[in-house]
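Both complexes below contain chain A, partnered by chain B and then by chain C.
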Partner chain A sequence: MQYPIKIDGLTKRYGALTALDGVSFEVGKGELFGLIGPDGAGKTTLFRLLTTLMKPDEGSATVDGFDIVNDYKEIRNIVGYMPGRFSLYQDLSVEENLEFFASLFGGTVKDNYDLIEPIYSQIEPFKTRRAGKLSGGMKQKLALSCALIHRPKVLFLDEPTTGVDAVSRSEFWDMLAGLKQYGITILVSTPYMDEAGRCERIALINDGKILKIDTPGAITDPGMTLEDTFIRLIQEENAKDDICK
Partner chain B sequence: MGVLRTLIIKEIRQFRRNPFMPKLVVMFPLMLILVMPWIATMDVKGINVGIADYDRSDISQKIVSRIDASEYLELKGMFADYPSALAELEDGKIDLILEIPAGFGKSMMGTPEKVSIWANGVNAMKGSLGSQYLMQTLLKCFQDIRASRGLSIPESTIETVNFYNPTMDYKHYMIPAIIIMLLVMVGGFLPAINLVMEKELGTIEQINVSPVNRFAFTLSKLIPFWIICLIDLGICMVLAWLVYGLDVAGSIWAILLAAALFIMVISSIGVILANLSETMQQTMFLMLFIILTFILMSGLYTPVESMPLWAQKLAFCLPPTYMVELMRAVYLKGATISDLWINYVALGGFAVLFGVLAAITYKKRG
Partner chain C sequence: MNRLLYFIKKESLHILRDIRTLLVVIGIPILLMLLFGFAISTDVNNINVAVCAPVRAESIEKVISEMDNSELFTFKGYVNPDEIDRALRSGKVGIVVVFADDYDRIVSGRIPDEKAVQIVLDGSNPNVAASGAAYLTAMLGGMGSEAGLVENHILYNPQMKSAYNFVPGILGLIFILVCAMMTSISIVREKELGTMEVLLVSPVKPIWIILSKMVPYFLLSCINLISTLLIAKFALGVPMTGSIFGIIFISLTYILLSLGFGLLVSTVTDKQMVALLISGMILMLPIMMFSGMLFPVENLPAVLKPFSYIVPARWYIDAMRKLMIEGLEFSGVILEFSILCFMTVGILRVALMKFNDRLE
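Presenting the complex of A and B:
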């Protein structure tokens, strides 16, 4: 079986800092895969490599079978990306943003309306409002709609729920779960442990390295919370580093 | 083409919603054309003259009153002798000294004595133009005096006739240059600001992960401002005609074609600078430097011919040099496209060169 996302030894350095250090994992078709880690762990760097915004220093990766270095043009047609920072046009209205992103990919809003309907219907009453005047939760729904409007095969969501209220966050995860029926593979990052449980599988990432990959249930130590497990893993990793030194 | 249309519609919507920009692009040409020609004038007025009159005859009195009446010269004082006048000049209170020798009045009947003019050359323009004005005033005065006494008028007077700008109206000379300045400012800054804003706000990331072609994206940054600049050009030309009575001596199409090429050049330079920088500050600083170089070196204010040779060579590598020469030739002399074909070819070449560079320097992957 071909994996929609296949990462093999991906490394990225910024000068002396190694942001990603030999990261490898695969994500299966239609899977909701979570990338869990603190700020500065390398989550955004991984997203920027996979969405062809940067080139890796070492290693390789494929998205839907296309190489991120050589086949970047194909990848840009089939992925949806929602950056961590709200980056839609704030001075365009809700529907203008949606139309804009649909036609950037050569389509119309109608073509894939079924896909975004459950999400977009919630902000449709405000479709003439400027995107910059929306609340945090509504901005995030619009950004997700815009990332989905060209029916991508793989969706990259970089900390989509940061700065959003608890209710909107929960709704957002319901929406992601709803996308499973369309066979869209989703890679989502979050710093919140409570959200990790909503993913099918998670990878714990710290300091540019993957510590563990498994289902949220299996990854958690018996009798501990996921957060405690994560902290234990980080401490173990640090101790290992100290011995090496 | 569909994508380009989408991108341009987006640019126009954003521009119209901006609370500041639409007003700016109308106010800017109004300000420049209504105010600048009065300031950027080479006419030297208010030249202070001191007279050392050793003669004290009715003739010397006539000269004094003629200078007093002059529009350009201002009589600042009468001095008993040259040294006291020189002291005033050294203090910077007067720019010119006119010395009328004793017995000058009487000598007018036969061979006139020589009058002397001393000029302060610190402000070279004021000094040389001032002494010229003074000489012309004196010559006219002498001719009148001799004529009134039935004497022959000396023929030695030099007469200068200015073609193309007969009244030596510097406003007419400066207006084509001011129009070019406007095109440089609006056409250079607006696309640069727009593009670097997309970088700062992060919106460009969404474009970068989409299949949008870099040429389409670059054109979407050039075309809207190209239209805005042409509108501004129209405003300027109508105002120049209404306010200063300056009509285009040549064909309006010759100006439009040149402007169309020139805006493309200047906007592409703006886009290139925005592509090369990460922040608004970097872009603005680079842009200011380039624009200042353009304005000072392109012959806008000082003729290229009077620059040192190395600077002349440099000036001919700069696109505005061709535009400045062309605009003045078409506006004032009525030159045609075929007269100025070299300028059009140069501008066209620069437009293609910088246009392609603008697209190439846009990197979707950092």
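Presenting the complex of A and C:
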């Protein structure tokens, strides 16, 4: 079976700082895969490597079978990307943003309206409003609509729920679950432990290294919360590092 | 093609939504034209003149009224010989004209080898002094003995109005400044706002981004071209006897070049402020110095002269002088036009090459 996302020993350095250190994992087709880790763990760097915005220093990865360095043009056609920062045109209206991103991929809003309908219908009443004037939750729904409008095979969502209220966050995860029926593979990152349970599988990432990959249930130590487990894993990792030194 | 149109539409919306910037961009060329054309002028006007004459002869009165009638001089009154120094020192007058005792007889040639008139000037402003003396000498020469008549015929700009000469220079400065500043922030802004990140993860080609950013600003610059040419013609009275088609054609080429330059700046910088500084401040000096806008390129020291060849404004200003003031046809500026075309293509190529389709 071919994995839509296959990562093999990806390493990325910014000068002396190693942002990603030999990261390897695979994500299956249609899977909702969560990348859980604190700020500065290397989540955004991994997203930028997989969306071909940066080149790795070591290792390789493929997205839908395409190499992230050599086949970057093909990858840019088939992925949807929602960066951590709200990155739509604030001076354009909701509708204009959506139209623009549809046209960017050579399509129209109508072509894939069925895909975004459950999400977009919630902000449609405000379609003439400028994107900059939307609330946090609405901005995020618009950004997701724009990332989906060309029916991508793989969706990359970098901390989509950061800075969004609890109700909107919960709604957002419902929407992601709803995308499963379309066979879209989703890689999503979050710093919130409570959201991990909404993913099918999660990877715990800290300091550029993957600590553990499993289903949210199996990854958690019996009788402990995911958070405690994560902290225990980080401490173990640090102890290992100390011995090496 | 459809994608490109959407792209252009999006860029146009950005411009139209920001009305304040739009007004500034349209207003600045008009303001600069009027400012340079009227206020900053090296013409000498209304120099105050005092006269020192031993006798109030009719011939002298005639000279004085002639002087007073010209827009160059204003007659302020008579002074005694011992008051000349004080009048000049106090700054009340810039020139004192001293008539000889035997003015009539000298002028009519009855006493040869004698000076009929002495001009005493305040030299603290050499520009005023030199022009004033030259005008006055010419005027007195013309009125006095026929033998001393000096024929002074100036081509192309007979009244020596500096506004004439300034207009091509200001146009050269305005277009590159306004165009380059507009486009220089356009790509950088997307980098700063983070929209570039989303834009790049799409099949978009760098050439679309460059083209779509140029088209709306090009149309906007056409408005600026029209407004500045209208001011030049009707407010500043530049003759524009040459080929109007040539003026417009070469201006549009120069505008393209300027837009391209801004985009080049935009592709290599990461901050809007830096882009603005480069396209605004750093462009200004070489244009003023090396383009012939303020002083002729021929007067540059030999070491600096080569710089003027690489300043696009120099070629544009040269061509515009020929078209607007000398009244040449387009065929007269083919060289300048070719050089500008060559530079435009070069700049756009480099901008395209420098466009980074990754984040690092």
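The rule is simple: the second predicted complex is superposed on the first by the 245 of 245 C-alpha atoms of A that agree within 3 Å, B and C clash if a C-alpha of one lies under 4 Å from a C-alpha of the other, contacts with A are read in each partner's own complex, and residues count from 1 in each chain.
In this section, a residue touches a chain if its C-beta (ideal position, glycine included) is under 8 Å from a C-beta of that chain, and two chains touch if they have at least 3 such contacts.
All figures in this text were calculated on a predicted structure; none of them were measured in a lab.
> Once the two structures are overlaid on chain A, check if chain B and chain C clash or fit side by side.
clash
> Would you sort A:Q90 into first (chain B), second (chain C), both or neither based on which partner it touches?
both
> So, does A:Y81 touch the first partner chain B, the second partner chain C, both, or neither?
Both chain B and chain C are touched by A:Y81.
> Thinking of the overlay built on chain A, is A:R201 touched by chain B (first), by chain C (second), by both, or by neither?
A:R201 contacts neither chain B nor chain C.
> Is A:F100 in contact with chain B, with chain C, with both, or with neither (first, second, both, neither)?
Both partners.
> Which chain A residues are contacted by chain C in one complex and by chain B in the other?
51-55, 73, 76-77, 79, 81, 83, 85-92, 96, 100-101, 103-106, 130, 146
> Which stretch or stretches of chain C touch chain A in the complex?
So the residues of chain C touching chain A come out as 2-3, 6-7, 10, 13-14, 17-18, 193-195, 197-204, 358-360.
> With touch defined as at the start, can you tell me which chain B residues reach chain A in the complex?
Where chain B meets chain A, its residues are 2-3, 6-7, 10, 13-14, 17-18, 201-203, 205-212, 364-366.
> Where on chain A is chain C touching in the complex?
Residues 48, 51-55, 73, 76-77, 79, 81-83, 85-92, 96, 99-101, 103-106, 130, 146-147, 150.
> Give every residue of chain A touching chain B within the complex, in rising order.
Against chain B, chain A makes touches at 51-55, 72-73, 76-77, 79, 81, 83, 85-92, 96, 100-101, 103-106, 130, 146.
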